[in-house]
Amino acid sequence: MSDTIIHEVTQSEYKYGFTTDIETEVIPVGLNENVVRIISAKKNEPEWMLDFRLKAYRHWLTMKIPTWAHLKIPEIDYQSISYFAAPRKNAPQSLDEVDPELLATFNKLGIPLEEQKALSGIAVDAVMDSVSVKTTFKETLAEMGIIFCSFSEAVEHHPDLVKKYMGTVVPHTDNFYAALNSAVFSDGSFVYIPKGVRCPMELSTYFRINAVNTGQFERTLIVAEEDSYVSYLEGCTAPQRDENQLHAAIVEIVAMKNADVKYSTVQNWYPGDKEGKGGIYNFVTKRGICKGENSHISWTQVETGSAITWKYPSCILQGDNSSAEFYSVAVTNHHQQADTGTKMIHLGKNTSSHILSKGISAGVSQNSYRGLVRVGANAENARNFSQCDSLLLGDKCGAHTFPYMEVNNESAIVEHEATTSKISEDQIFYCNQRGISTEDAVGLIVNGYAKEVVDKLPMEFAVEAQKLLQITLEGSVG
Amino acid sequence: MLEIKNLHASINGKEILKGLNLSVQPGEIHAIMGPNGSGKSTLSSVITGNPAFEVTQGSIIFEGKDLQEMAPEERANEGIFLSFQYPVEIPGVSMVNFMRTAINEQRKYRELPPISATDFLRIMREKKALVEMDNKLTNRSVNEGFSGGEKKRNEIFQMAMLEPKLAILDETDSGLDIDALRIVANGVNKLKSPENATIVITHYQRLLEYIIPDYVHVLYDGKIVKSGGKDLAMELEARGYDWIKQEVAV
Amino acid sequence: MEKQYIDLYKAHHSLIKQHAARVMNESRDASFALFEKMGFPTTKLENYKYTDLKEMLSLDYGLNVRRLDFPVDPYQAFKCDVPGIQSYLYFVVNDAFYPEYNEQNDDLPKEVVICSLKEAAEKHPDLVAKYYGRLSTQKQDGLVAFNGAFAQDGFFMYVPKNVQLDRPVQLVNIMRADVDFMANAHNLIILEEGAKAQLLVCDHTVDDVRFVSNRVTEVFVAENATYEHYKLENTHIKTTNLSTLLIEQQASSNVLGNVITLHNGLTRNSIEIALNGENCETELCGMVIADKKQQVDNFTSVLHNMPNCHSNELFKYVLDDVSKGAFTGRLYVAKDAQKTRAYQTNRNILLNRTAKMRTKPQLEIYADDVKCSHGATIGQLDEQAMFYMRTRGIPYEEARLLLMFAFTADVIDNIRIPALADRIKMLVEKRLRGELSKCEGCTICQ
């Protein structure tokens, strides 16, 4: 395939690159103990929350930036970032009170809150920059005992739950970015599903970074009690800016006996322009624990955005007979870099995990899968199957696979398979001969390649994910 | 309809077609026969615009338009269809999705609105019946896991869906048992009309018992060295290709 | 841990140099400086994550810096009787080439040079200078740097243009000492264009003391040359075998590496094969059968630096008791190394709950027109197959053996010397049955 086609079709621009003209309240740049105290004070937090932050901050000071990933990360000056930005309006009580401009932003993103509220029945918590703007459907859910609110509200209204679970899956000492988040996180979502309740609708959060020079540090905590079920969706976008912006989030999931949690992400942070200028640095720690017997956690992610992605949604399979899945499509184009994968830590008996990773690289991007499967000494009959496929579009990008398998119990069966391929010229010509243009052919083939993963997403997201794949790669040809 | 004049084409610098002439009118069926390596499949690739081949000399005019200026998909949308000798597998892309995209591209080319879902499904049903194609197959990925015979039937099914003006059947009979051959030939014959033309590329005469050609051409060493009626095919079957080679050598 | 060696070097570097070839001394100080900086590898390094050398390297070992002769008659001690294997036979005792005349080697083609590295450096200074250290000195690896600082001699083989050896060259490394002992050999193997050689390296230990062998082997395979490297390790539980094998292939060359570990203490094989010309063929395979406290870490890199090369890698482990296995397979495909075909498989069987396996297959790919895959599994013997065999009257133990043997068979199938393959089959079977696997008539193997 000729270079000109590659050139033409990898030009498609980021379609969510608009900024919203909303007054924001920003703390001056820089990080010190005082800033941590200010954040806590602005949010009227109780003493224990401030202590948690300070402990994390002090630990962060002792930590080094991890360098093992297959990423070239420019030096980040953590003192030139503002650690808090909130739209300067008091939290609205109903959608009518939400700043119309903000609503317009969400509409541009394709998540009209009102429409969703009315039509699709999804409960949405929209997080812009760092503050949770509005949670829809709260009352409906509350009747079933489900708590779905911003993290700040949870700290205020459900302190016992937050205290009990926060930091139990991702401790503040876990890694550099987790420590940073624990010190300065501004808001996020909190979900609590009581015993025996099946959450009747998809819960959804939309994250958006808006203000200049701010980092976004949200924190999500999902607790699913015995015999409960919830499906949670997370979407992300950010406006186009020349400077890089930092995003360091934490997601913690706790699944009790027989609980089932499904977490889906469509990540579309601004990836930077064609020359690699700007874009989000996405350093995220996501981890779930299958605490109880027969519990189940499934991660599904479609990663199309960010200049740099460093992300390993993981599961600790502690309960006997628990199971976990990780389904991922990661696309990189232009100068994007992604080092993403999962960790499956088998501790309980008869646990099983399944990993399916599909990487797509185009332009001059680098795309790595990194995954660990560890079977503990007492994890009888652990089973894992991992499959990692890479698709290369063009000869200037890279696709890498770094699986780690550590088995300490002889009854385990752990299998890993990986392949690398490109879109063949035969396939393109076959489509051409049927009248399908090269651009559309690549779209078809890429979506076909990613299908197994995209199919795991809830309907609404699957459509968006397919579109994103097409936009990100529009016709990139191998 | 199709005028090929003094066509020279090469792959990786090696010349395969060395001055080929061919003229096809609407309503005609042409058979191109010839020994292995004579350039039969190259001809189909060049007409449909496979980028692996380079045309070094000559012209291909289809309905007054120079094909060499056109991308493969434009040629397809002009109404040229190739039934591939080796249909390509495209994992994950369902036949339904593939065909709908192709039909809508064709409609777009003709400035027609996209086909409605119900119309599309109805046409699919009709055309599937034509080649006695299993419902299961259309729900699977394009050619993936199809047997040799199923792939060939799938090609004719696509031909039925796209209703080309010029259909090129490249070794469509290879790998088919007698029943499948009859089904495929039947499908081709049903699609026949005074407006469209067919080029059948084959090594054996077998398929020509079912699809009766108006003209038979023998391709040898990159040129058409002998043309005749359907009797020529019989003669080739009986005598092989050696006498042609000798004739050419003389 | 490093300090005693750093002190030793500082105090005795002139002595070390005095007893070594000049060509080896040229990079010696630089190697030492690198070692001083890096130290011995620790588990904190990604490349040594799964093998902890600390325990073995912190012990006290003697080094033979003054090159004193160790009294041993290898012919007395070692009688290889791979039936039908007619080889050119050479011995290295610790790190010293055993110079005694052997009529078995009489018909070695005259153009071929096989001798000690030191002798080669004296007789063929240009040749040795051209190749020595070319692959090893640039390695950022503590063990290789240590070797560069302390190695004084080793094995040398040179096969000139278009010379094809009709039978394998057998190199028997014997570790022999009365005290805990460390040897640092540096081997250099050069095949010119169109040459062909097969090298069979057997590692043995004679005495019941602790040994550390830290060996670096550099192999240069020129255009159209064919090189086969077989390494059979049959040492004892007190042996720490650190071996770095660096191979450079030029266009259209063909290399087979086959590394089998049957008996050992702690083994680390670092193997790097760089495909620096087009149309190279590379086959790398290995097998580990380990029980008790054996530890084996095969760390392999296949670097596809040029287009149109083909590599295939296969490693199999059978681990019992509290043994530990580790495998790393790095497949690197450089930008523009189009039409690369590279495949890798690692399969492991754990026979016991206390055995441990760590595997890290990796693909690092910068070209798009490539076919690459890797697969790794850790599991047990197929229970259905076990059951099937038992319904046919085969006893449990025998069925197990048959399956294990079948499991390792494809590694043996890659051996291109039929007599050797037969012999190794027998050794493996004996090993799996738990019997001694030494060659008959060998008085060395423990």
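Brief remarks follow.
Should a chain be cited, it is by its letter among A, B and C, assigned in written order, with residues numbered from 1 in that chain.
We adopt the following convention: a residue touches a chain if its C-beta (ideal position, glycine included) is under 8 Å from a C-beta of that chain, and two chains touch if they have at least 3 such contacts.
A quick note: this is a predicted structure, and the numbers were derived from the prediction, not measured.
The touch graph of these protein chains is an open line.
When every chain is reduced to the mean of its C-alpha atoms, the one closest to the centre of the whole protein set is A.
Remark: subunit A and subunit C have CA centroids separated by 45 Å (rounded to whole angstrom).
Subunit A and subunit B have Cα centroids lying 48 Å from one another. Distance between chain centres (mean CA atoms), subunit B to subunit C: 57 Å. Under the contact definition stated at the top, not a single residue of subunit A touches 2 or more other chains.
Across the assembly, subunit C contributes no residue in contact with two or more other chains.
Listing the residues of subunit B that touch subunit A in their complex gives 48-52, 71-73, 75-77, 81-82, 84, 87-88, 90-94, 97-98, 101-102, 105-106, 109, 141, 158, 162. Across the interface of their complex, subunit B is touched by residues 1, 424-427, 429-438, 440, 444-445, 447-452 of subunit A. Residue ranges on subunit A touching subunit C, taken from their complex, read 68, 70, 377, 390, 392-422, 478.
By the touch criterion stated above, subunit C contacts subunit A in their complex at residues 46, 335-336, 338, 348, 350-380.
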